Amino acid sequence: MILSCTAKLVRKGGGKVIKVGVVGGTGYTGVELLRLLLKHPQVELRVITSRAEAGLAVADLYPNLRGFTDLTFTEPDPQVLSECDVVFFATPHGVTQSLLPPLLQAGTRIIDLSADFRLRDAELWAQWYGQAHGCPEWLPQAVYGMPETNREAIKEAQLVACPGCYPTAAQLALLPLLENNLVEPESLIVSAASGVTGAGRQAKVDMLMAEASDNFKAYAANGHRHLPEIEQTLRDNQPAGASPVQVTFVPHLLPMIRGIHATTYARALNAERLPDIQELYLQRYADEPFVDVMPLGSHPQTRSVKGANMCRISVLRPQMRDTIVVLSVIDNLTKGASGQAVQNMNIMFGVEEATGLDIVPLLP
Amino acid sequence: MILSCTAKLVRKGGGKVIKVGVVGGTGYTGVELLRLLLKHPQVELRVITSRAEAGLAVADLYPNLRGFTDLTFTEPDPQVLSECDVVFFATPHGVTQSLLPPLLQAGTRIIDLSADFRLRDAELWAQWYGQAHGCPEWLPQAVYGMPETNREAIKEAQLVACPGCYPTAAQLALLPLLENNLVEPESLIVSAASGVTGAGRQAKVDMLMAEASDNFKAYAANGHRHLPEIEQTLRDNQPAGASPVQVTFVPHLLPMIRGIHATTYARALNAERLPDIQELYLQRYADEPFVDVMPLGSHPQTRSVKGANMCRISVLRPQMRDTIVVLSVIDNLTKGASGQAVQNMNIMFGVEEATGLDIVPLLP
Amino acid sequence: MILSCTAKLVRKGGGKVIKVGVVGGTGYTGVELLRLLLKHPQVELRVITSRAEAGLAVADLYPNLRGFTDLTFTEPDPQVLSECDVVFFATPHGVTQSLLPPLLQAGTRIIDLSADFRLRDAELWAQWYGQAHGCPEWLPQAVYGMPETNREAIKEAQLVACPGCYPTAAQLALLPLLENNLVEPESLIVSAASGVTGAGRQAKVDMLMAEASDNFKAYAANGHRHLPEIEQTLRDNQPAGASPVQVTFVPHLLPMIRGIHATTYARALNAERLPDIQELYLQRYADEPFVDVMPLGSHPQTRSVKGANMCRISVLRPQMRDTIVVLSVIDNLTKGASGQAVQNMNIMFGVEEATGLDIVPLLP
Amino acid sequence: MILSCTAKLVRKGGGKVIKVGVVGGTGYTGVELLRLLLKHPQVELRVITSRAEAGLAVADLYPNLRGFTDLTFTEPDPQVLSECDVVFFATPHGVTQSLLPPLLQAGTRIIDLSADFRLRDAELWAQWYGQAHGCPEWLPQAVYGMPETNREAIKEAQLVACPGCYPTAAQLALLPLLENNLVEPESLIVSAASGVTGAGRQAKVDMLMAEASDNFKAYAANGHRHLPEIEQTLRDNQPAGASPVQVTFVPHLLPMIRGIHATTYARALNAERLPDIQELYLQRYADEPFVDVMPLGSHPQTRSVKGANMCRISVLRPQMRDTIVVLSVIDNLTKGASGQAVQNMNIMFGVEEATGLDIVPLLP
């Protein structure tokens, strides 16, 4: 193999170069970020940190990257990181909060894939994450990184909080109904399921293949951390005067690697005068590069977005009764995490939004 | 290997002998029936028919049965079948209707695993199954084979219609709420998922491993044939005067072999005065050998019932809001089909209900 | 659910009662042992120990056992264990050696599923397991628990060392060729593959479903601990004067839960005068209850033995050239571990060998 | 979604444009070809044919292609096809032979992914494929499309026969040993395993997920069609005077979607004087863009090449005995079929060989 030969081919191309750092690149969102960044024509990946794996070549941990990079994990160094144009945090929650302030003060832009800045309310955050928030003073600066609702704010943001995987799928599914006040806000149900990469790369018995394969179960049905995030976003997008949404959210663990499927249910407020909801969705997402409203009667499949920064949505009204069903799928590691992070980067740096993300999903 | 040596070991034991025939034993419910019947201590399996495979040794089609039987598939012969005490039909819908009448007239008892006699209303059946019902005159005789609601009627029945797999899981999950009129009847949602054996053993492209594995999708969300069955059963068990239930039912295809998981949602009618629903479920199923109400806060897993005639149920009330969530799991081929059929046989013939069904689920 | 009701059904039946203890029952061979022992008609399971889980109800760790036992894990107590007729050790290697001597001195019979007593040579053991053997003085007492070669010795043994999973599959495949000196002893190749339960229930990153599913790889190809065991057994069964076998053994990790498949290759010594090897295998295993020689041209599937104490074997001679191929499959947890352990117990206690093991494999 | 927006981004770029047609694009190698061709910066995909699906939009059959193409399957039309610079045949064997001659006569270049022109000997072909060869007169023209041995001939070829998937993996693993006459030619063993996409997209019962998942088996062990192809290639690359290789080839079916793993065994001819084989392999493949010799002691994983045109190889000599083990992995649909086809196209048209193929494998 000619080391790195292939990587260089595409890396060129005109346009500005964005100097990028990654903090905490050993997990699954980390390797997914690397997959995307190493082929992004305007990115120069300068540093990737990991306390646990410092000194290890990235390609020794992730053999799929052999030939594409000769980077080595290093200890996080604020000086080095602050010389980047943008630093991605692909860390567990709680870690961002300690490393972040010096970088923000140095003017570095941050794209945070962790949960640290998704909730605006520090107390709500503390309640769901079981610890006090480490730097609540930066919460007001954070912009929720969902391009489909926040594109303008993202352009100028210094600190972008990337949405969670379940929230991405659920919110894209339900937003058009809420924005137009078409459903009872207390009736919302999100019955969603995730592949095992959603649990990260930690060694846990219940994520062993012998435990998780050929099996299906709900988990955290009494309260998952993505619930307050979903409710916050949906409430933000309700028209004035609407009573605030309440969501019943039940996540499930799928015996597969990648993908989230959200089956969402909402009761029509005024079933007889419901507009054409298929048309409503088509229009709402007509200009969105990464939301695909499927033809009437379709059922989106998780594999149709594998490895791609895409959300596919189908809208149904079974038996023409009062309950509307919206189905959505994403790849939890791509549109649900690292792909959306790169999409945010493109927006922040004025690069064409689909750059580096125009990937054909891998099927079969 | 000593042919059949092991099978004989357990076959003896006291008690009556039930002469059994199976029509259509080549599908997955067929081989599951054989697995159970060949080890049932009071069953003498006399004949198994298949037009397509007549002449083939059963163990040549299903290598797991090598050493347990030397039966060969034969053409269905009403004379031979009518000499059995009971005949199981493990056939696609529509087939039962043509073979059944002569057997019923001969006094043979029938346990039908197909959909032919599940709906009482021939017109409703025709509407959902796309053909006229072949012997509507026998519909009034059919007893719906759900022991948990119909045990007494099953004892005397000549014709038992075994419930569908989704209906078994959904009904056991929701019955206690409906029987006690605790929830809004129009609010019911059944978000359920099935392993691929639910689609049978037909060669279909979308059931290929290359299509169905590492994937998840909803299907038939606009109307699945199990919907009217679920509504019929739940309505039968509502108290007088309650408005009839309406169910939104979305089935999904799981990348696994066996198992159904139903996540059901219902809105409390009178949330402030809701009784202790965990206690309600424990009492409702206290005497049921094959329904297991799990401890508070549990999430049942499909693998915990693999190969066993068991339904495990958990009841939750997330955030103590008004929506109740009931989770249930079954093995679609066992409690969802062939195991329940054997349970019905035991009830019909006065045999201890768990005979031949006291199987430890295979885990991991 | 009626607690334990079903378990009692079968537990009775005539014959002696064997009092059984299990040390280290929390792993996969542990739960598989419980599945078998709890339904064994002549076993009274008295105690199951686990230092890590002492105090936990067995059914809380393994939900498939709900309703079948109310045993709780306890600290290992030599006094309690020595009151059993037989104690199974389902522990990692090295543990047996410390707990075993007092039990052996008390006259308790031991069935050891660990690797501690499989190799007769303490130095060879130390070399492969990276530690000194803890009680080499008991090595001469240990009987290798492979009924197909050692049945008579097992009957009288106080200490039985159950074969490893790969060795069981490989040895049953190759024994008839070696016993009859039909192949070049240095030409043996065992290309084998195991489901992930072979790696046990420890939390390891490379056994996560996100790592091990949709993937295949060899491992330990430069030297796996089962290699000296395979060579020892095969050499024991060569005729006098034959040059000792040398095996090239490459294990692989399969993206499935249970099952071992061994593809073994050997070069005929005298290809022109090779006897009918299909007939040779049929005769060699004619009286073995748990070895099934498949029809000519068959390919055994791992799923055909899922959950069952069975080894299926096919013999081929591709292109009628000089290389013989023998394929064998077992369930690594059953015939490859706990089922074989129960088979050994039956032999030791004069119980019909198939008692408690006449299980139809779960297919599909 | 903005239809096709993303596709256009990359399609530009300088350099010549290759007009491409695809015959038979509905199978798995077809959709894989489309995935690669639609993103190839120098390809203009003009036509894709399918008799069965004529009139259907490609993106309706393969939802992963939504937004990347608005092509529709058409009936194969020799006129339209002959206007292409190159036509790929992704058809079952036997089909190429009838459509090919008019295109060849028109001067169109052909890359055939079927088996029709892989064997030089029409009689050998007929014997293994069970039918007479349809156009043996073109066999002498066909160049075997393995760049690692035939690059120069491919440049000029009008008709390239792409290697089979197993042969690609086996040949790359064994070639350096054979080229240097280091091993006994009759001792070669290829124990290989393929994901289910290797069987194509035909609806067959034994490829259903319920049959093929959680299972492993050998198949066609008595003679697989890839055997003569492997032997032909290896013999072509032996030094003059060496006795011709004989391969024992046993393929297995893996419960996963993509990937081939070959475990190959060969006996050293002169074990004491064996050169450093790791070094030998490193040098042999030093200039190959798509062969990666892994570090000593590695075990390549199929997932490390998922979706990529890469072969990773490890060389071992267990126990320093005389049997050499070489492990190789490819993605059967990419380096084993469509990726290699595109690599051949690049060579034929003087385009940088890695163009359109510099894809990071999708992991996890």
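Residue numbering begins at 1 within each chain, and the chains themselves are lettered A, B, C and D in the order written.
In this section, a residue touches a chain if its C-beta (ideal position, glycine included) is under 8 Å from a C-beta of that chain, and two chains touch if they have at least 3 such contacts.
Being a predicted model, the structure only gives us computed values, none of them experimental.
Should one ask which of A-C and A-B has more C-beta pairs in contact, the pair is A-B.
Compared with chain A, the chain whose C-alpha mean position is the greatest distance off is C. Chain centres here are Cα means. That of chain B falls 35 Å from that of chain C.
Chain B has its Cα centroid 40 Å from the Cα centroid of chain A. Chain A and chain C have centres, each the mean of its CA atoms, that are 46 Å apart. Residues of chain C in contact with at least two other chains: 28, 197, 210-211, 213-214, 255-258, 300-301, 303, 306, 364.
Looking at the complex, you find that chain C touches chain A at residues 28, 195-197, 199, 201-205, 207-214, 255-257.
On the chain A side of its complex with chain B, the touching residues are 186-187, 189, 191, 193, 210-211, 213-219, 221-223, 227, 246, 248-250, 252, 254-259, 261, 263, 265, 267, 297, 299-303, 306, 316, 318-319, 321-323, 325, 327, 329, 364. Across the complex, chain B is touched by residues 1-2, 5-7, 9-10, 28, 31, 35, 38-39, 62-68, 197, 213-214, 257-258, 285-294, 300-301, 303-308, 310, 312, 352, 354-355, 357-358, 360-364 of chain C.
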